[in-house]
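Two complexes, one shared chain (chain A), two partners (chain B, chain C).
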Partner chain A sequence: MTKNSYIESYCTIKNGVVSLNGTSLFSEATPEFSAFIKQAAKQLDTNYPKFYKMDNLSKLAFLAADILLKNANLSSEKEHNIALLFSNRASSLDTDRKHQNTISDPDNYYPSPSLFVYTLPNISLGEISIKHKLLSENSFFIFERFNANHLHLNSRYLLNNNKAEKTLCGWVDLDENHYEAFLYLVGKNGTINHNTEEITRLYKSP
Partner chain B sequence: MSNLKQELKENIIELLNLEEFSVEDINDNDALFGDGLGLDSIDALELMVMLDKDYGIKLTDPKEGKEIFQSIAVLAEYIEKNRTK
Partner chain C sequence: MSKVYLSHHNIVSALGFTAQEVVDNIKNEISGLSLIDDPEVFNTPFYGSIIPTADLTNAFKPLEKAITYTKLEKMMLLSLHRTITASAISLNEKVGLIISSTKGNIDVLNQTTFPKERAYLGALGSVIKDYFGFKNDAIIISNACVSGLLATAIAKRYIKEGVYNHVFIVSGDTLNPFVLSGFNSFQAMSNKPCKPFDKERSGVNLGEAAASVLVTSTPDKLCPEAVALLGDGSRNDANHISGPSRTGEGLFRSITAAIKEANISPIDIDFISAHGTATLFNDEMEAIAFNRLGFNTTPTHSLKGYFGHTLGASGLIETLIGMHSLHQNTLFKSLGYSTHGVSKPLNIIEKTTPQKNTIFLKTASGFGGSNTAVLFKKVN
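The block that comes next holds the complex of A and B.
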């Protein structure tokens, strides 16, 4: 049975600006992603020491998801059936390169365990799931560009078949200092229809 | 020995990205794992790599790590006795 679903909220992190539902929460003009995301996390009260241990892709995904899930006022005492459907273009290439640098010199061969564990993009989903107690479906897709139709179809499938109460979907792409996150929460309540046109419109909004 | 303890505190904070700690926050006898600095299993592996890379000490038995990584004081004493560089 097809159920009505709505985009309840959305978060964008790009060009030095973090915004929620189109309203800027934080902005910093630094071109360095590491400095930008660190400042953003502090100002937005992330309050999660493990955040600083994550690789840059996970930091980007985690912060966007954390803003949306905190805004949804979910109880921190119970598990939530919120499926995660993420996507990007660069996979974990940024961290893959850093890991490669630690193993490319046979005379200085010291692979870093804390780098190696992030050489898959879906590790970011695990970080979000641990913090927000999500034991739900999750997938991380790699596409050449943002694919609203694929995210929409997967989200509808999960919601219509009672595989999830809500879905947290979107695009989290990072390579060196290029970064772009657009995540949106889909559920039964809201004012924005959940369809490819609206997803694309929100993704393209400044 | 006190220089080595200071060096270990600085290195551990940087290596393990302990953003909320400064050298002054870490006492020589504080537990590194559990209720102390709250390090995890990946941090333990990272410390093993640090021992090899910086001090020429190769740990082959993971149980050894549990003993050595009790605190900065215990770690510094072990390094003093076993370092090859």
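The block that comes next holds the complex of A and C.
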């Protein structure tokens, strides 16, 4: 049976702006991602020392997810089965290139486990799960471009079959100097219908 | 509601280029692992399973087209070609394509034959889609070492939701300096053939392989080894990004969810195809999770002693071997095991033995704290 589900909230991080439900929370004109995300995390009270050891993709995904999950006012008394359905285009290539640089020159060979572990896109999901104690389903998809159909279908299936009480879905892409995060939380409460038109509308909104 | 089946399939690995050949080798306890002492592959000799490039080139020759393919692409195209041919399904808009891979063509970062853009997983998806003329873009899953198994659960959704009538899954990863240097930096690699669940185990062997399968709800598209997908569960440990949970919580919950959906009792499970990477922490975690579920006497194997750990392909390959295990009513030996080496009792299969089998559990766990469990039941 199909149940009604709604987009409860959404968060965007792009072009130097962090916004929640369409309202800017932080903006900084610096074009450099590392400096920008560090500043944003500080300003938005992320307050999580592990954040600073994450790779850039994880930082981007983590900050957007952290904003949404804190804003959702979830009870800390009980566990929450919030499935994570993330996607992007560049997988973990930003960090893959860094690992490649550590092994390209035999005379300067220094691969490290702390960098290598981030050469998988789903590590970002692990980081979010650890911080928010989400023992839930995690899936990382790669698409050529943002694809509302696939996210919607997987989310609808998990919710309709009681495999998750909420889903946290979206797009977190980081490649060279380009970065873009758009995450949204789907559940039983809210005013924005959970369908591909609305997902696409929110994704495209400035 | 109609059932979802895994049907026609293929494996391209060091043990052969057809599932039958691979299964025959497993029955004869032949391993695909060998000492690889080749600076072209890695700067340090290591144990792993590698597909001889010459054999692959030969097998791929009839399938050549105008463009040049990477080794991984050849492996995946060869495997999927055989599965599509056996399935005799025309690739219309109701046929989906799912690809699972952890690193895809990552080795193109370190050479000049192929453009660097080939490192994008989406480029791999386009190569496969275009080669066969799929009408839909590939759905690519890159979720560490659970990818190949998770792909079966995700294929099921697309069929249950009525988006596709059939889904082809192709999984693959290769051995390359990128991955080998990383696992080596973790000091996770064994310099001997791996010994899952054994007291003397000293780490993982990596391997390369591709595998493919038809997922369908159409009963007249079933091969003799076909299985129904009864239930699945995926749960994160929420514990550590590179180490498994000490309590096996995520795996425990994944299996519990799969059993609930399958609506069976744990006692109905005839054998378990574990992840069994032969690292100290992984095998111990699995032993704890399995014991919490009362699986201490359920026959269990790890197939890593035959293939090594084939990353994004492992979950699918091991599922396909499980299908043959059911079909042949035979439990396959967990190669490399002789002395029990985890803190909880397990019934590790020490000898390939006939046994009537109906249902098996396949599990996988990976970096990022991911775990997946899927239950399969034989059809014929």
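Convention: the second predicted complex is superposed on the first by the 203 of 206 C-alpha atoms of A that agree within 3 Å, B and C clash if a C-alpha of one lies under 4 Å from a C-alpha of the other, contacts with A are read in each partner's own complex, and residues count from 1 in each chain.
Following the convention adopted for this analysis, a contact is a pair of C-beta atoms (placed from the backbone, for glycine too) under 8 Å apart; a residue touches a chain by one contact, two chains touch by 3 or more.
Keep in mind it's a predicted model, so treat the numbers as computed, not measured.
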Contacts of A:P113 with chain B and chain C, given as first, second, both or neither: both
Which superposed partner A:P49 touches (first chain B, second chain C, both, neither): first
Which superposed partner A:I103 touches (first chain B, second chain C, both, neither): second
Chain A residues touched - chain C or chain B, whichever exceeds: C
Residues of chain A contacting chain B in one complex and chain C in the other: 111-113, 117
Contacting residues of chain C [partner chain A, same complex]: 43, 102-104, 106, 109-110, 119-122, 125-126, 137, 139-144, 150, 154, 157-158, 160-161, 163, 177-178, 181-186, 233-242, 249-250, 253, 257, 367-370
In the complex with chain C, residue positions of chain A that touch it: 84, 89-91, 93, 96-97, 99-100, 102-104, 106, 109, 111-113, 116-117, 119-123, 125-127, 129-130, 132-144, 150, 153-154, 156-157, 163
Footprint of chain A on chain B - complex, ascending: 16-20, 38, 42-43, 45-46, 49, 52-53
Touch list for chain A against partner chain B, complex: 38, 49, 51-53, 110-114, 117
